[in-house]
Structure formats: C-alpha cells, structure tokens
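Below, subunit A partners subunit B and then partners subunit C, in two separate complexes.
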Partner chain A sequence: MKADLRIIIDKLFTSLTGLAIASMIIALFVILGPMLYRGFGAIVFRGTVEFRKMQIAEFHHGNAEKVKQEAEKTQKVRQVVYDMIHRFRNGIDIEELENRVKDIHRNYGNELQQKDISREQYKELRDFSKEIRDKLIDTFSSDNIEKIKENIDFVLQYEMDERFVETVAIEYFTIARDFLKSSAKIDFEKRDFYAAELEELEDIILRLLGPAPDADTPMLAQKRYGATRLDQTNILFHQLFWKEKWVEQENSVALIKIENSRPEQFAGTELEPLFGYIKDNIKQMLNPKLTFYWRYFFDDSTPGHYFGGIGPEIFGTLLLTLLSMIFVIPFGVISAAYLTECTKEGPVVRIIRMCINTLAGVPSIVFGLFGMAFFVLFFIPIFGGPSQPCILAGSLTLAVLTLPVMIRASEEAIKTVPQTYKEASLALGASKFLTFVKVTLPAALPGILTGIILSLSRVAGETAPILFTAGIAIGPIPKSIFQTTRTLSYGSWDMAVSDKLAAEVPHNQFGMVVTLVLLILCLNAMAIILRARVFKKLKGH
Partner chain B sequence: MKTVVIRILLVLAILASTNVMAQEKLHIEGSTTVGPIADGFAEVFSKLYPDVAITVNKSGSGTGASALIDSRCDIATMSRFMKEKEFKDAVDKGVFPVAHAIAMDGVCVVLHPSNPITALTTEQVRDIYTGKIKNWKDLGGPDLSIVVISRDTSSGTYETFESFVMNKEKMASNIEYVSTNPQMFGRVESTRSAIGYVGYGFVKSGVKAVTLNKIKPTVQTILNGQYPVSRPLYMFTNGYPKLGSMTHKFISFYLTEDGQEVIEDKGFVPVTNY
Partner chain C sequence: MESKESEYSVKPAAVFEHPLVLTFAQDVKGFLFNHIGALILFVFTCTSVLAVLLIFLFVAREAFPFLGKFSVVEFLTRNAWYPEASEGAEYGALALIVGSVYVTTIALAFSVPIGVLSAIFLSDIVSFKIRGIIKPIIEILAAIPSVAYGFFAVLVLAPWLQKHLGFATGTNALNSSLLLSIMALPTIISVAEDSISATGRDLREASYGLGATRFETMLKVVIPASHSGIIAGVVLGMMRAIGETMVVWMASGNASQIPHPWWDLSQSIRTMTASIAGEMGETVKGSDHYRSLFTIGLLLLVMTLLLNLVSEYFLSRARKSTGKS
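Here is the complex of A and B:
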C-alpha cells in the first residue's frame, strides 16, 4: 500500500514537472510567436513604389533610374484620380473659384499694361474683364440652376472674342465650362457637405498616394510618401470606401459603430466613378512587390523611427554591452578570487558577501542615477574627460550593475574546482598565484562563462541605467566612446512613450523589440558555444 | 580567445583616439511631450546643416531643467514652466534660464466614442475625478460605472490638468494611473466607460474629445486660451542665445513657416499663424 502511494506520488510529481515545462514552452510561443511574426514584418513585406521612392531619396538605396521609370508609370495612372478630384473641386469650392477668377482679372490687367495700347482701350478692356469676372462670381454663389446656365451661356459667347484670344483671360471660359458641367450634377444644398467629405477623402488619398506631384514637398519625411507597405495600403483602402460613424441605436443610450459607404455618399456626382477607378487600378498606382528589407539591420532611421532601420541602435547596444563586459569580467573574477582563495570565512567576508547580494537587488534606475552622479559628474572629469553622458560612462554603470551577478557566478565556479587540483599544483612547487591562474581559473572557466552569459543578457536589455549616462533618442552614430549613442532598449522605450506617429508604424516597434531579443539570443549562443568548447578542452578530448 | 580580446581592445582604442573632431554640437534634453517637436526640428536641421551633430534625449521636464542648470545641455525642453527652486539653483550656478514658448498644447478630456455624452463642464470633470460622480447615468449617459484614468503624478500633463481642473481638490484613491499619452489613448479606446485626458495630438479616430464648458478643443480655442486646459510648451536656454548661433537658429525655428508645419504635423498647435 505504502509503496503504491509512493509510486503514485512519484508519477504525479513527474507529470507535474512535465506540465510545468510544457506550459512554459507554450507561454514562450504565445508571447514570442506573435511578436516574432510581427517583428519579421519589418523585414519581409510587400513594399509599394512609395517605399522604393523613399529608399532612394532618404537612404540612397536601390536603382534610381528604374524607380524613376516605375514612379512615372504609376504617376500616369494616378493623374486620373487627381484630375477627377480637381474637376469636382471646381464645382463646389466657391471661395477657391472666386480667388481664381480674381487672379485672372489681375493677371489680365498686368498683361494689358505690357501691351502697346492707348489709355482708353486699356480701360475698356479691363472693364469688360471685370464684367465677366463679376458675372462669374455672381454665378458661383447662386444656387439656381437656370440662372447659372444663363450666366455661363452669357460668358461663353465671348469665348472666341478677339479681345480675349491668346491672353490669360481665356482661362475664364475653362472655369466657366467646368463649373457648368459639375453644377449640373450637384445638389446645391449639399455643397457644404460635399466640401467636408471631399476634405476627408483627399486626406485619405494623400496618405495612400503621397503628396500630388505639383504640391510642395513637406518638411518631414513621414509626410513625403504615401503608403509604403501593402498592409497600410489595405487599411487606407478600406477607409476610402467605408466611413466610420457612431450613431444612436434603439432601446439603448450607448452609441453604436456603423460604416457608411463613401461611394454612396458621392452617388450621382462627378466623383462617383473615382471609386471604381481606384478599385480597378490600385495595383497599378502602388505596384506592391515582395520586399526583403535586409538593410533594416544596417540603415539609419528618420527621427521618430518612422522610416528606415535600426543600424545605429544595434551598433550602440553591441558597443555598450561588450565594453561593459570588458570592465566587469576582470573585476568580477578578481573579487571572486579574493573572496574564495585569499581570505578565510569570517565576519568580514560575510559582510562583503551580504553587500554584494544587496547590490544585486538594487533597482536599475538607482544605478542610472548613481552612474550620472558618480561617473558623469565626478569620475570621468577627474581624468580630463567631458562631464557629459557618454558610452564610457554608460558601460561603466552597466558594469557596476552586473558586478554582483558576475562575482557570485565566478565564486561558485571557483569553489567547485576540486581541492585536489590545487593541492597537486602546490605540491609541485607552484606559487599560490600561479596555481590560481594556471589551474583553478581554467577549471572554473565554464562556470565563469555562465556568469558572463547571465550578465550579458541583463546588460543588453537594460534601459534605466543608460537613460542618464549614455542613451539618446536621436543623434549621430558615435565616433568615439566619449559620445552618446542610441540603443535598442532605449529606442523601444522612446517609440512607446513619446510620438503619436509610432502607432502608425507598429512593424518598426515590433522589429526593434524582436531584434533586441534575437541579439541577446545570438550573444548567448556564442557564449554557450564557447563554453562547450572550453568544457571539451578541459575533459582532454 | 586572447587574440579576440586584444582585437576588441584595439578597436576600442581606435574609437577612443579618433575623439573630438571639430564638430558643432547641439544637445537637447527634457520633456517626453515636447520631444516629438525637437525630433521634427532635428530632422529638418540635419538636412539644412549636415555638419551639426544634434542629439535629443527625452527623460522628463525635471531632468531637462537640471541638465540646463548643470550646463549639460544647450536647450531644455519642458512641458511646464520652471519652478522657483530650479530658477534659484540655476542662478546660483551662473545659469540664467530664458523661456521660449514654441507651441501650445491642449489637454483634452476624452471618452469612448460609444458614449453619447459630448459636453462636460470643468465642475463635472472634477466631480468625476474626485469620485462624487460614479456613474454615467448621472450625467445622462448609459448605466455604466465610470472608469477614471489619469496620468501619473510626475507628468507635466497631469500637473496642467490638476491645476486647471482639480482646483486643489484631491483625486479619488481608486482611479487608474497610466504613464504615457499613447497608453492613455489605448486605454480609453478599448474601454466603453472610460474617461481620460490626452494632449491635443492624440485626439484622433478611436476616442472622442468632449467640449469643456461648451468649448471644443480646436487649434483656435487652444491658441487664444478659450479652451480651459491649454498650456504653452517651452524650450529653455541659458540666457538668450548668441544671434546666429545654432542654438538661436533652433529655438527660433518655430517662428518660420516650416517650423509651424513641423509643429502641426507632430500634433501640436503652433503659436504662429501663416
């Protein structure tokens, strides 16, 4: 009976441990899986022609000639969209039309002044132009279709008039004809409604296709291009056809979301065919192609990480991590050697050990503030360095942060070296120092490497200690260790907290985080391989 | 192993020795709210003056102030005005902070779009945050208990909201705190009964900004101070910078048309109007 129970409990224990491991693996997949998937979206995606234009203009990557041809080809298809909107706008934007005819009148006057004509002639022509102008302005603000027709017909009879032929005034008639055409299809009471809707529509098209070729170049790179990726294109495409709206519902106070069809809103107007055209030609307008953006790991980015890669961040992280390892390994191993080899177990050692353990529990932001107060403001200036955050100060701070881990791991490793090894060495006449360097240290190396792996992972991912000592959100790639740097961890934090635009480029956010995870994994893998090789050597194979 | 270490050391030595090229530097430190504007300006300046190394750090208004006091930065970005103590510390160290209000920001009260309420008064908002009003029903909304969300107490946005809306009354103890604008936006976007407050740039599809005392937060109402919770955003320099210096160009960029465009694109209200 007792034996049976023991077997059952044993089996239960085994299955429980198995379950724990399984759930851990599942959790790993659940957490890392989607992150990895979305992170890879930063590298492999369907890039549109806008992406290639951006790459040429901002980073000088790609075949400029080929992209130019592609851009021209897509531009031809897009022009139809711009023309349609332009024509529709002519029918509804009264203020704009008024300004334009006023401009024409002014320009016509200027042109006449250049001509060799008498004062009376000039006055007569200008008055006539003014009459046409006023007639048109009057027409624009009218909402009686009969009156509009009458007025426009009145204006158009002068189209072939010799007074206007080959002058700027000829534009009057283009505007008049366009206006008549669009106003025939428009419900005048809905003019304001159309104007507001058109603004929204134009904003979506701007984000989809980028600024029109005749528009000014925006100051910021994030506004200079349309949708660079197919996933963005699809979202905007949906918005183009469906307008989100919150409306009241029956028997509830809360509002409910519905989606109105945009083409229906413009039904019957000149803009209606636009939607069909975009639907049929969206591929030709943006030309999405499967893109493998391996330069993501090397490229610089535009401020705010809107476009580009994370090259400087990777470089900065590696530099900080390796430099801090160079500081922490000797200090850690020597301290461990002192604690295990040079002193006897006693109150002093116990106190030192307690201090080290406490240090391991100190929050990392405290190390950050300590780093700024000690290294940045005090220690580096002593040696004539600049009293400014820099990579050196950051890596020293990180070294202090990870020192306890390093000391503990090394200590344990040194302790596990069998006493007989040391005794044999000492018996052969070697000094204590020589024994430690030649016998104890090589035998303890695998354990020390474990400590290095642990500290390496911690250091690469820390944000708080470098916040005040080495990290910056924007800046050039460092040229010396006395400059500040960007890092992956700081970059991820910066993207998450500050700019609203980061939410529009989630792939970059995920890409950065996944890269950080993979970088730590790679560093660890390298250290583990090294450890395995050392282990093999020690075994004498 | 040995050779690898030696090689790494060599590379580092080279890196260290190529230090201090005669390059003009401009370091900007401070608020996470004003950070995006500094980002945008830096982007434009890196094209205009490619030789200047501009660095931007976003660690909070307070850190920006202390960095200016210690002369660790050229420009401190702040979402609040300098405190008396900071001024005193600065003058003691021979630093004379000069404020440049580069843009305006409104702190907008936001609800979930399914909430039928479109107008609140500052008193009502205060009552919600002090816990006197607990259900949307009391304000004519659906029968849902209100989920009150605030920014953490160290943020400039919180300070603005607190001084303009709370009128020295304490917020209730059971409200939820988040630490950034994007977090606040996400929290309100996903909670039907939530109320929160964000910077003007975060009022976009997904949340609904209500009118405060019948005034809708728009560019105009924030700029002329009609909207009750408006605030200027600052850049502080040590004295007025030397005319024509890079610092001067940077802090006066907001006056240009291009600077205004950048501020608008980053979701803030420019003080100029072209």
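Here is the complex of A and C:
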C-alpha cells in the first residue's frame, strides 16, 4: 500500500475518533441546553399583575395592599373590554337574556313581597312586570328589526314610571337599550355563529385577563387568573387573532392546520374594535414586571402545576432519597469492608460478587415490581403497616437498587487507603477489626462520601421503581412515611406525558425537570470535586 | 521550662504494669471480638445475595400462577397482546419482546461505533489533561436521569422529528433508539476504554516499531488484544438499553406491533419494560393481566441475568489476558 494513502487513512481515523467524542459532547449540550434555558424561565420571567394576585390569593406571599392598588389601576383599562363583550353578548345570546329577564321578574316579585302593599296592588304590579317580561322575551326571539324597535320603544316608555323606580325591575331597561343598540349592527342570520365564536373569544380573554371582577370565583384553579407571565400573552395573542382548525387532508393520515383571522369574523360588529384595543393596551392591562420567583422551589402548586411551584416535589424527593440512604449506607459500607478487609478471594466471595453484579444489572422496572410484590404486599404488612404504596416501601426499594453502587464505591475508597496505615495500626497491637474502625474507615471516609453522593444522585433520578411503590402525581404533602408522595422524577414524567393541563404551561414542565437535572448534576459535581481532592491527597503521600 | 522537662522525665516510655502476654480471658475476648465482628460483617454482606434471591422469588411467585394457566410457548411466540379484552383476553408477548430487541439493536448500532471510537480517542490519542476534562462530561451523561432523557424525547425531539423529517408521529422507534444509544454510550466508553488502556504499551510499541500507523496498530493489534473488554462493554450497554424503562415508555409511541417493514424506524413500537410500567397501574392485583406483567418482568430478569453472565465471562477473560501481557 502507498505510504500516502496509509497516512491519509490514519489521519481520517484520528479525526473520526475526535468526531465521535465531539458528537457525544454535542449531544449533551443539545439535550441540556434547551431544557436549561426553558427551565430557567420558570424562575425568571416577566410577571404580570395576575401573577401577583395569584401569589397573594393562593400562597399569601407579597404585599396585599400594593397589589390591590395595582389591580384597581389595571382594572380601569380592562373594564372597557369587559363592557364591550358584555354589550355584545346582550345582543346575541337570547337564552341568556331570557333567563336574566325571568330572573328580574322573579326578584321583583320577591321584592314586592317584602314591601307593605295590599294584595291587589301586588297582583297588579306583578302582572305589569310580567307584561314587560313577555314583551322583551318576544323581542329577543324576533329577527325583524322593525318589530324589535317597536317593542323596545314600547318598553322604554315605562322607564321613568314610578312603579319601577328604585326596584330591581329597572334593569329591564338597561337590557332593552343594550339589545337595541347591538341588534342594530347584527346580521340576525349569523346570531348563532356569533354566539359560538363569542364563547371561544371569552375563553381566550379569560385566560388573558382572568375572570371579570363581578363574576363568581371559578371552581377550577387554572381559571381564576389570567396570563401570569408576559410570554404567555404572545401565545394567547396568536389565538386571539387567529382561530386554528385541524382539517383532514385527502390521501394522508396527518391533519393539517388552517388558521382563520378572528377579527375578520367579527368585522362589522360592535366587537371589531376590541382586538385593536387589547393589542394597544395589553401593557396597561397586565403591568408586567421582571420577576425572580425564588419561591418556585418552595411553593405548592394548583392541580396540574398550572400555577405555583414544586415545593412538595422537592420535599418528597429529598425525603425518599435520604430515607433510602439511611437504609443503604450501613449495608453498603459494611459489605465493602467485609469484601476488602475480612476475607480472601474464594467461592463464597465470588458468589457474593456475582450477586452484586446481578443486582446492578436488574432493570429498574423490575425493582418496581419487586418493591410492590415484596415491600408493599408482603414485608411492611408483616409489621402491621398498611399494604399500599408508601414512602417507606419506595425508599426500601431504592435502597436495594442502589446497594451495588454503594458497595462498589466504598470498596474503591477502602482499597485506596495506603497499606502502611493499616500496618502501622496492626503493629501497635490493634486487632483487625479495631484497625478498620479506627484507621481505615476514617481514612476512606471522603471516598465513601463520594459513593454516598453518587448513590444519592442515582436514587433521586429514578422513576420506574417508585411508580408502584411510592409516587403519585397529585396529592397532599405526606405527613408520615406510610403515605405516598410527589417526587421530582415522577412529576417530570407526569407533566411530560399524562397531564394535559401541564402542556399549557411549558415553563413549569421544564422547570420541574431542570430542577431534577440540576440537583443531580450538582451532586455529581460535588462527587467529582471530592474525588479529585482525595486523589490528590493520596498522591501526595 | 523546668516543669515541662520534669514532666517528660516523669513519664516513662512504656508502661509495663500489665504483662505483654495476654491472659486467657483476654485472648478469648479478642478472638471472639474479631470473629464475631467478622461474622456480623458477613451477615450484613449477605443482604446482596438475599436481595437477589428475594427479587427472583417474589417476581416468580407472582408470575408462576400465570405460567400454569397459559402456555409459555404461546406467550413467547404469539403476536397478540389484548390483556384487557373482556372475553378471551390474549397474552402473546412477541411484539413486546421484538420491540425491546429492536430498539436495543438500533441503539447499539449507533452507540457501539461511537463508543469504541471515543474509547480509542481517550486512551490513545488525547493528552491526559483533555482526558481529565472529557471524563467528567461522560460521567454527567451517565448521571442524567432517564426521566430527563424521556422528557427531552417527548417535548423537544419528537416535535422536531415530526416537523423536519415529516414523520406521522414523533414518538417512534427512531426517537427512543437515539436516546437509548446516548444512555448506553457512557457504559460502553468506560468499559472499553479501561480494557484498551489496559492493553500493554509493549504491544503498541512493537507495532509502531514495525512501521504501522496508529490506525493499523489499533485495528490489527490493540482492538484484537482487548476485544474481550470491548465485548463486555457492549453487553453491559445492551443491558442498560434493554432494561431502560422511562425513555422507551415516553418516546416509543407504545403501539404493540412488530415493525413492518423492519427498516422503517418511524413506526411506533412498544417494549417489555414500557408495558409493565404502563399497564401495571390499571390492573387488579392477582388478575391474569397483573400476573402476565410479572411474567414479562421475570423474562426481563432472566434476560439480564444471562447477559450479566456473558459480560462476567468476557470481563474475566479481559482481566486474564491483560494479566498475562
């Protein structure tokens, strides 16, 4: 073979190996980069007044007085939007209008009963109210503009009537006036279409600005506040201006997205200026400020992690890992001590080592099965515990899982202690056992600590073993170790895959997983630094 | 000054109050202390053995009633996984087994070349200083929890695949294999690198001395000499990939089907581990479905045990061969 060719092949090979390692490092950055960047957004973002309202109402953090003033200020700008929608709704939603008119009639009747009037008078007033009610209901269902005008005029002539002044019935006239105003601009044929569109629009406004101040507090926590972050408004703006629709394509399984302009759909109606108004005044409505939300790591969250932080998850993870460490450290260190100090290689030790290696190779999901079959259904009930997933079962399972890691790391640490230390101790007449406890163990302690930290990081990230033994997605903060708990790893899985609500708050999804990754990377960095120092110290000898 | 001096002089170098020869009682005490101590240590050490036994025992205990009721051959060879059918539930796990093997194979196809090349890069090409920087990076790659990889697969990689490669679904065999290959890499690299650097300097120098280039030395001398260790690394990586749960559960699409045609990586598949994780929560304890999932677990356990024996064999061979050279 030509020498040149051989050299070229050699150079190619060298660069190929470099490429391999480079691709691996690039993969690391590609995986961590976007996640870290987006997870960072869970803590530092431009928080709106809705965020501060939420913090006070849900978690009692912040200056209530100041936020109240701020909310009042923004409320003035928002009122225009609510009024616009309110008026528009009065013009189209017949059913709602009918109900309201009927309510007024009923309330008026109740009010009359409280008053000191005769039976005949009562009957007369009620009948009169009923007449107006029926007239209005008749008007609402009509689609003839002439008839509507006529009817409304008929009703409005009683506006100053002394029988109605200072009673609930006065509302009849506001409704009538609003209806006349909006119906003048509306195409009656499209009334149903507008009603459906308005529903969607109101939903978006609700998510943008929160419920109107006079509305009831919604049952679902995620509907109680508007956009808490400025970056959410961009998505909502897009939804506000563009109505998206998924359409089936011919000859393809995939659906295709079509977007229609929403302002165009409302063109010519009273609602048309709404879009421009929102766009121009969004800053005044939401009052965004740069927020550093450090309480993210301590706050509880509303269902689906829609608002709030990941406090219970961090607490659960720490509880589970520390408890499993309490179980595994004695067993791990003692096993390592026995294997390195007390025996010579033989069949018994070979079997033990093989078992440790097998244990290290068992898939994590099998640990989950084992934890359920053994700890949950068999072991804990023996001692009178509850036969259900709980923190104790989870941490015992994790302890078994991390036993090989612990043993190997401790063995490594004990082996690095120089032989001279032990010999010096033995020469002074100390027994083997005493030598181990008083000399070898303290010297190996930093190394063992490294092993402990590595086991911690392994345990903190495991999900499969706690699926059936300890983890839940939504639940209270545990009060004893016989309850289930939320954890970062389980929560990351749940938010990524099974929680539909969480998909709407990507910052919280990424915040959770990034917290987990950072926790583990910090532990690992600690272990790496510690190990480097131990290595240096022993090298110095 | 003087008082100190006197202190030194007062204290003798050694106290001979007790005779240096131990009394019988002390002798026995020391003996018992030492041996009982060792015995206690031994008992503690046996927890690993006990744990392995208990895992086998309890997984098998839940699985055996199923094996008595249904045919093992059918379980392994039929492609019909309808455990929740109200009438005539079927337990043919072939698609799940094929799915596990399929993603593992593809993952290894990515990670073995990259892993071995990286190991060579670390052991033979780069300086100690850079090696000291790259090794922690590999450790970080190994430390990232699998749920974070799965998270990345679902929320970052899957939309990207769908958008740029035009797949019908982003959660498919390709997605999960890519992530699995990244997860298997650290294991393969570290074991292979250990074994490549353990191959003696003398072999390399002899080859270079004969005028071989680095590529030729690697290909014809070092890799053949260290092949046992490299194979052990690959087997360990395979174990990691086949037992991995969260990534395949999240990223593989979970459709229990045998990929057809076999080279089409854009299809969704389902693995054994994902089936256990996904279905266990919905089963009734003690039902056939519950037991069938334990049977899959038992199968996984047996598979990893066998792979473990293979890796042990190759590792011991690698130790022997480096011991000789």
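The rule is short, and it goes like this: the second predicted complex is superposed on the first by the 346 of 541 C-alpha atoms of A that agree within 3 Å, B and C clash if a C-alpha of one lies under 4 Å from a C-alpha of the other, contacts with A are read in each partner's own complex, and residues count from 1 in each chain.
Methods note: a contact is a pair of C-beta atoms (placed from the backbone, for glycine too) under 8 Å apart; a residue touches a chain by one contact, two chains touch by 3 or more.
A quick note: this is a predicted structure, and the numbers were derived from the prediction, not measured.
Colleague: Touch test for A:Gln419: subunit B only (first), subunit C only (second), both, or neither?
Modeller: neither
Colleague: So in the superposed three-chain picture, is A:Gln114 touching just subunit B, just subunit C, both, or none of them (first/second/both/neither)?
Modeller: Once the two structures are laid over each other on A, A:Gln114 reaches no partner at all.
Colleague: Examine A:Ser23 and indicate which partner it touches, taking first as subunit B and second as subunit C; both and neither are also allowed.
Modeller: The second partner, subunit C, only.
Colleague: Applying the document's definition of touch, where does A:Arg6 land relative to subunit B and subunit C: first, second, both, or neither?
Modeller: A:Arg6: touches subunit C, not subunit B.
Colleague: Kindly classify A:Val497 by the partners it touches after superposition: subunit B alone (first), subunit C alone (second), both, or neither?
Modeller: both
Colleague: Look at A:Ser431 in the shared chain and tell me whether it touches subunit B only, subunit C only, both, or neither; answer first, second, both or neither.
Modeller: Once the two structures are laid over each other on A, A:Ser431 reaches subunit C alone.
Colleague: Pick one for A:Gln222: touches subunit B only (first), subunit C only (second), both, or neither.
Modeller: It touches subunit B, and subunit C stays clear.
Colleague: Could you tell me if A:Leu467 is touching subunit B, subunit C, both of them or neither one (first, second, both, neither)?
Modeller: Both: A:Leu467 reaches subunit B and subunit C.
Colleague: Go through the superposed model and pick first if A:Ile528 touches only subunit B, second if only subunit C, both, or neither.
Modeller: After superposition on chain A, A:Ile528 lies in contact with subunit C alone.
Colleague: When the two structures are laid over each other on chain A, which of subunit B and subunit C touches more residues of subunit A?
Modeller: Looking at subunit B versus subunit C, the one contacting more residues of subunit A is C.
Colleague: Which subunit A residues contact subunit B in one complex and subunit C in the other?
Modeller: 253-254, 377, 467-468, 496-497.
Colleague: Mind pulling up the subunit B residues that touch subunit A in the complex?
Modeller: 1, 5, 8-9, 12, 15-21, 27, 32-33, 35-36, 38-40, 42-44, 46, 53-59, 63, 70, 72, 113-116, 140-144, 179-182, 185, 192, 201-202, 204-205, 208, 258, 261-262, 265-267
Colleague: In their shared complex, at which residues does subunit C touch subunit A?
Modeller: For this pair, the touching residues of subunit C are 30, 33-34, 37-38, 41-42, 44-49, 51-52, 54-55, 58-59, 61-62, 113-115, 117-118, 120-122, 125, 134, 136-141, 143-152, 154-156, 168, 182, 185, 189, 213-216, 218, 236, 239, 242-246, 250, 273, 276-277, 280-281, 285, 293-294, 297, 300-301, 304-305, 307-308, 311-312.
Colleague: Please output the residues of subunit A touching subunit C within their complex, sorted ascending.
Modeller: 6-7, 9-10, 12-14, 16-21, 23-25, 27-28, 31-32, 34-35, 253-254, 330-331, 334-335, 337-339, 342-343, 351-352, 354-359, 361-370, 372-374, 377-378, 400, 403-404, 407, 431-433, 457-458, 460-464, 467-468, 489, 492-493, 496-497, 506, 509-510, 513, 516-517, 520-521, 524, 528
Colleague: Where on subunit A is subunit B touching in the complex?
Modeller: The touching residues are 218-223, 244, 246, 248, 252-257, 302-304, 322-323, 326, 377, 387-389, 467-468, 471-476, 478-484, 494, 496-503, 530.
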